[in-house]
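These notes are about the structure you will find just below.
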Amino acid sequence: MQGQAQQQAYDRGITIFSPDGRLYQVEYAREAVKRGTASIGVRTSEGVVLAADKRSRSPLMEPTSVEKIHKADDHIGIASAGHVADARQLIDFARRQAQVNRLRYGEPIGIETLTKTITDHIQQYTQVGGARPFGVALLIGGIENGTPRLYETDPSGTPYEWKAVSIGADRGDLQDYLEENYREDLTLDEGIGLALRAIASTNDDELDAGGVDVGTVSGETEAFVELTNDEISEYIAENDLEPSEDEDEGGDETAE
Amino acid sequence: MQGQAQQQAYDRGITIFSPDGRLYQVEYAREAVKRGTASIGVRTSEGVVLAADKRSRSPLMEPTSVEKIHKADDHIGIASAGHVADARQLIDFARRQAQVNRLRYGEPIGIETLTKTITDHIQQYTQVGGARPFGVALLIGGIENGTPRLYETDPSGTPYEWKAVSIGADRGDLQDYLEENYREDLTLDEGIGLALRAIASTNDDELDAGGVDVGTVSGETEAFVELTNDEISEYIAENDLEPSEDEDEGGDETAE
Amino acid sequence: MQGQAQQQAYDRGITIFSPDGRLYQVEYAREAVKRGTASIGVRTSEGVVLAADKRSRSPLMEPTSVEKIHKADDHIGIASAGHVADARQLIDFARRQAQVNRLRYGEPIGIETLTKTITDHIQQYTQVGGARPFGVALLIGGIENGTPRLYETDPSGTPYEWKAVSIGADRGDLQDYLEENYREDLTLDEGIGLALRAIASTNDDELDAGGVDVGTVSGETEAFVELTNDEISEYIAENDLEPSEDEDEGGDETAE
Amino acid sequence: MQGQAQQQAYDRGITIFSPDGRLYQVEYAREAVKRGTASIGVRTSEGVVLAADKRSRSPLMEPTSVEKIHKADDHIGIASAGHVADARQLIDFARRQAQVNRLRYGEPIGIETLTKTITDHIQQYTQVGGARPFGVALLIGGIENGTPRLYETDPSGTPYEWKAVSIGADRGDLQDYLEENYREDLTLDEGIGLALRAIASTNDDELDAGGVDVGTVSGETEAFVELTNDEISEYIAENDLEPSEDEDEGGDETAE
Amino acid sequence: MQGQAQQQAYDRGITIFSPDGRLYQVEYAREAVKRGTASIGVRTSEGVVLAADKRSRSPLMEPTSVEKIHKADDHIGIASAGHVADARQLIDFARRQAQVNRLRYGEPIGIETLTKTITDHIQQYTQVGGARPFGVALLIGGIENGTPRLYETDPSGTPYEWKAVSIGADRGDLQDYLEENYREDLTLDEGIGLALRAIASTNDDELDAGGVDVGTVSGETEAFVELTNDEISEYIAENDLEPSEDEDEGGDETAE
Amino acid sequence: MQGQAQQQAYDRGITIFSPDGRLYQVEYAREAVKRGTASIGVRTSEGVVLAADKRSRSPLMEPTSVEKIHKADDHIGIASAGHVADARQLIDFARRQAQVNRLRYGEPIGIETLTKTITDHIQQYTQVGGARPFGVALLIGGIENGTPRLYETDPSGTPYEWKAVSIGADRGDLQDYLEENYREDLTLDEGIGLALRAIASTNDDELDAGGVDVGTVSGETEAFVELTNDEISEYIAENDLEPSEDEDEGGDETAE
Amino acid sequence: MQGQAQQQAYDRGITIFSPDGRLYQVEYAREAVKRGTASIGVRTSEGVVLAADKRSRSPLMEPTSVEKIHKADDHIGIASAGHVADARQLIDFARRQAQVNRLRYGEPIGIETLTKTITDHIQQYTQVGGARPFGVALLIGGIENGTPRLYETDPSGTPYEWKAVSIGADRGDLQDYLEENYREDLTLDEGIGLALRAIASTNDDELDAGGVDVGTVSGETEAFVELTNDEISEYIAENDLEPSEDEDEGGDETAE
């Protein structure tokens, strides 16, 4: 109870340290990320795979309206988890940065460069007053000089580079699953399969093509591509993940 | 009681996260939406239907003065639920965006584009300090490249695309009603009937032409049209929804 | 008591939602309106009537100094109830808008247009921090394209159109009185009589010419006119409302 | 005690409404006015009289240094009661407005126009945050088109027109005295006598020429004139108000 | 104790009224003035005398470093009491105003004009948020059109004109002393003697030349002059105020 | 418990002193530094060594993504400990300052000059409101006029020059280790060995090449160089620090 | 305990007065000064001596990195005590002011002029909101027109001129020591000896050349000079202050 009272004191001040050197608002923003359904990134030898769990909440909602995989530039895809409206702000920011880079230097923006421009932007919202942190994490995947790269941004504004990673709900279980099943020499196809099986692993090993989005950037084409429902269905079938019945609602209303 | 005390701590700080990653002011703004009478959107094979429950509070009030269906552009209508004055701000914002699009690109704004411009605007009021969130939800319906589209915006700034949806009071019951009765191959006429029956379903299956507004954007004309009282009366009669007596006041004074 | 404590929490934050989706500061501003003496608007077949109860507080105060009926433009009158100094701000705002309209478009401003410009202005004070809401309601009456129009604005910034309406003290009783006695085919003279009898109804059916202001905009002249004391006395006599003795002080010092 | 706690909540927020629609800071500013010694205005058939009780606190203080009657323009005098430093701000504001009017329109400013410009200025300090209300009331007297006019401004920014009025300490008693003894056909001389007797009435019917300031604007000269000590002594003698001994200190140190 | 709690509520809000119409921050700033050692002003028939008690705290401190008498312009001296650093701000402000007057109008600034420019500046710090009031009082003495004038400013921004006055510590006793011993026909020499004896009266009738500053503006020369230590010693001897032993430290560290 | 309550009072106000003259937010920011894994700087006779403990948290995370050693300019390296996102801000600031110096003066920036520009920047965040202090410490090492220099910055904005120093976790033990083992005549190779053995000393004297970053600026080349994993492995082997098994996770998620 | 609660109320509001007229934040900033090790200034007949106790905390820290004596201009030195990072801000401010004076007037800035420019700058941080006061005191020594001058600035922004003075830890004892041993006819050499013996007096009469900084401005050269370690050692030897063993750590980490 005392701990609770103490914590409350730090809730109200957005950008201040607690006596043990923590930023509570940033940690609470991480909770907003956890409230969203999971997104997964897998770096394979042939390219990067982004997959997002977006189990539709209502049969009347357009499944495409729950956007968790976004094209940031020709060669870059971004998957998000957490507060949807915040994600849109960062995606827009990323797209503008990518465009500016093409205009200014006549070449596609580097994956690491884009990631760090975004995390610097996020950091400002954790240090300067008058706004709250972003309640969203991103996976930024693309090809840079022919090499697949996969980055994560978190609400503190820290960039991380990964071979395979999940953000959002069930991160602990999903990360364990990825560690057990990841191999650096995966093909892009195998990467898609790994991502889908990981998502299904938190759902009785079942998956519905409408309940998941998949995007890839292959090293060959250097182009971000979103898979069609039919393509996803094929992968689901190949991986024996067909659901036996409809999904329930999942996650928070504004956090995907 | 403790929970209550804790919650209060987050009421005062507009744009901060709670320890479990929620934004209370946004959730309270959703309550303001629920205090308004319902609005319903139905996407049919022939166009989009918007209908709004506006049961007049006083026989001396002009029924037309309670505006819940608005024309945003020639090809786009918007229905609102919640804080009326806030709704007007967003409608004005939408109209300006639509005009700017025509001036800048010489063509009508896309329904999705308009929706996301509005939700980005709404999001700003949930992250940057010095203002409260918008206490209103919108249904944005129109024709884009010949195809009917129907979107919802909520106080968090999240955009959703729907086949049929309700905002405002009784969303749970109305959404159930729509799920049971919606078919994708509805004609525009059938869509109007479905919307009116849904609204009536929360009111002993009775409806008064003066107590409901209906607007449509048909795929043929690509034009937003508001139905006259006579036209609405005809639909009410066709659907056996005539009231046996006058309506009481309903809803909050500033929330429709 | 708990409820009270909870309410206090929302008093201090001007522009935030309560857990049930209400804006307390706006509701308290409505109380400021109720503290003012009543104003009444009646839309007749021949024009609009505005009447205001302004029972003078002291025999030494100039009755004309308590202004509750104002000319906004040649064809528009405005009656107010609530915080007097706030009313003056909105009346000035209305006059500037009307002038700008004449300068810009060479024609008188529409009644609905003016009303909504005012309510949008009022809304800003309920959403953006750094100021309190306006503690005043207005009745805006005038002729638009030959048709009498009567609007109300409230502290939330919501516009309403009415056939007959009262703002300020005793709204419940006065509205009942109007509902019982209003007819759409009233002449302007009958409208004046109805307004005066309504005001008198809350005062033992007595009225003093110095204690009431009356303004009209007739459809014929399209001109706002304030009645002289003699004219008002005639109407009082015609309606058998002469007082038997002097009025006491009434209402709040700064709320009319 | 509960009432007190509740009140405290509203003290801290300058520009917010209490649940019963009151603005406590404005009401407290009125208390600051009451802490000042009284000023009195009397409109006579021949002009306006302003008189101010300024009982000097120390024999070493220059009586003229306690300024309560000010010249705003050739034809306008202003008497104040309350916070002295605040009064000076408003007097300076009034003088600038009067000068601007002469420069812009080549004619003296109207008394009502000046009053309302001042009250609009005062109102801003009650609605917009970042400052406290003015803790002072003014009496503005002058000749407009040959007619004497007398206005009061209060801390809420409400303008009132009066035949005779007092501001500051003992308003209740003084207003009663004025109501009993005022006649519209008073000469300017009789008006001065009435004002002095009123002030003396709260002080055992005694008055010292050094303890009171008197200014007049006669309809004939249309010029604001301050009476000399000798002239005031004559009026005191004529009205049998000579003191039998020296006055004590009175009022608040910064409120006159 | 309740009174204390209530008072605390007003401490935090700099520029707000208490329920009884007081501005606590201004009253606390007056306490800062009282913490400073006294300054005294005496207006004689031949000019103005300013004297300041500055009993040095340490034998190693340069007595001249404790500045309490300042030259504002050729014909104006200013004595201060209270927060030293605040005094410097106002003295600088006064000097700039005096210079601007000479540049703009080619003549020395009037004593009353300068005083009121300073008090208007002080008032702003009591009404507008974001800063605290000035914790200092000033005595402004000089010759205007051949006549000696002596003004006081206090933390509320109120100007007072005096024949003789003290600010800072022991004001009650000193003012009594001055009232008993002041005569309007004092010579400048007698005025200096009165000021020194007054200061000595609060210190066992003893005074040290290093512990007091004296400045004069004589009507003949119209020039501000600071007395040398030798001159002060002579006056001390003439008035039998030689100390028998050294002074102790006195007053607050930053308040003189 | 009382102490705790008192401390809380200072947590909320970012830039204020406690009664004993401390700035709690700065002290809490130092705790954020301690939450990060250690970085070590060693100044040798031949150049400067920077080493950072970055024990990877997950086998799937790219070890290079945890950046703790940064190149600020050709001749300057910076090691950080604490909040990663904050470190990035300061590193960017340092790089811009170095570039500006080359552009403006045509020569490399001095190590002391760069350090003090950074600490002045950090100090601003501890004095001016509206932001929190930086939760990071830096070690800035380089060659200036042929001489190796090693500086530390802390969250208060104080610069320190060191012969050998550690920041982050285990500073007490590491500093003791360095004091016991440092010699001014170390070669660059010996300096690298000392740094690695120091880091290993807090970890059972074991180290993994992937779990540590090493950078040097030799006096000969005046160039900042990061060691490859192979080079680090060699040093680890030479110093008998090979780990017997994998490292666990260490430190805070956003603090390195 | 009550006193403590009351004090807390004033901690949070940076720039407000307490009921007894004190500025707590300024007093707490003085505590920050006391947390720093002492600096001493001695004005001799031949020039000014500045000496600073800087007992190094760690054998690995460069003694020169703890800067407590700074050159502000050719003829001015400044010693500081308190918050190191704050001191740097004021030193930079002083250097800019000195440079501006040379550019603008072509001559070196006066010692008093520079001191008062600095104290006016410090005062602003105690009156205007949005920042905390400076937690540092300065001794400013130099030659002005051939005469040695020695000034002190404190966190309130008050300037003092001294013959000999100490700031920082042990001010009470050190000031007593100086009062007992100071003579106005000291030579510069004797002044250095006095300063060193004073510092040693708080440390068992022992001193280490690396633990103290000494700077002088002689009247002959009018140039600020810092003594080398060897020179200091000689003075220590001459004054019999050689330490028998190493010093422990002393003072606060960021306060010197």
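When the chains are written out, they are named A, B, C, D, E, F and G in that same order, and each has its own residue count from 1.
Criterion: a contact is a pair of C-beta atoms (placed from the backbone, for glycine too) under 8 Å apart; a residue touches a chain by one contact, two chains touch by 3 or more.
Molecules present, by chain and UniProt name: A, B, C, D, E, F, G = Proteasome subunit alpha.
Just so you know, these numbers come straight off a predicted model, no measurement behind them.
Traced through touching neighbours, the fewest hops from chain C to chain E number 2.
Following the contact convention of this document, G is the list of chains adjacent to both chain E and chain F. Residue numbering shows that chain F and chain G use the same positions for less than half of their mutual interface. In the CA-based superposition of chain A onto chain B, the rotation angle is 50 degrees, rounded to steps of 5.
Chain geometry summary: the mean Cα position of chain C and that of chain F are 69 Å apart. Rounded to a whole number, the gap between the C-alpha centres of chain D and chain G is 55 angstrom. Chain D and chain E have Cα centroids separated by 31 Å. Contact with two or more other chains is made by residues 12, 129-130 of chain A. Interchain contacts close the chains into one ring where each touches exactly two others, per the touch definition above.
Order of chains round the closed ring, starting at chain D and going on to chain E, comes out as D, E, G, F, A, B, C. Contacts from chain E toward chain G in the complex involve residues 4, 7-8, 11-12, 14, 24-25, 28-35, 58-62, 64-66, 83-86, 88-89, 92, 125, 129-135, 252-255. The touching residues of chain B, counted against chain A in their complex, run 2, 6, 9-10, 12-13, 15-23, 26, 116, 119-120, 122-123, 126-130, 151, 154, 156-165, 175, 178-179, 182.
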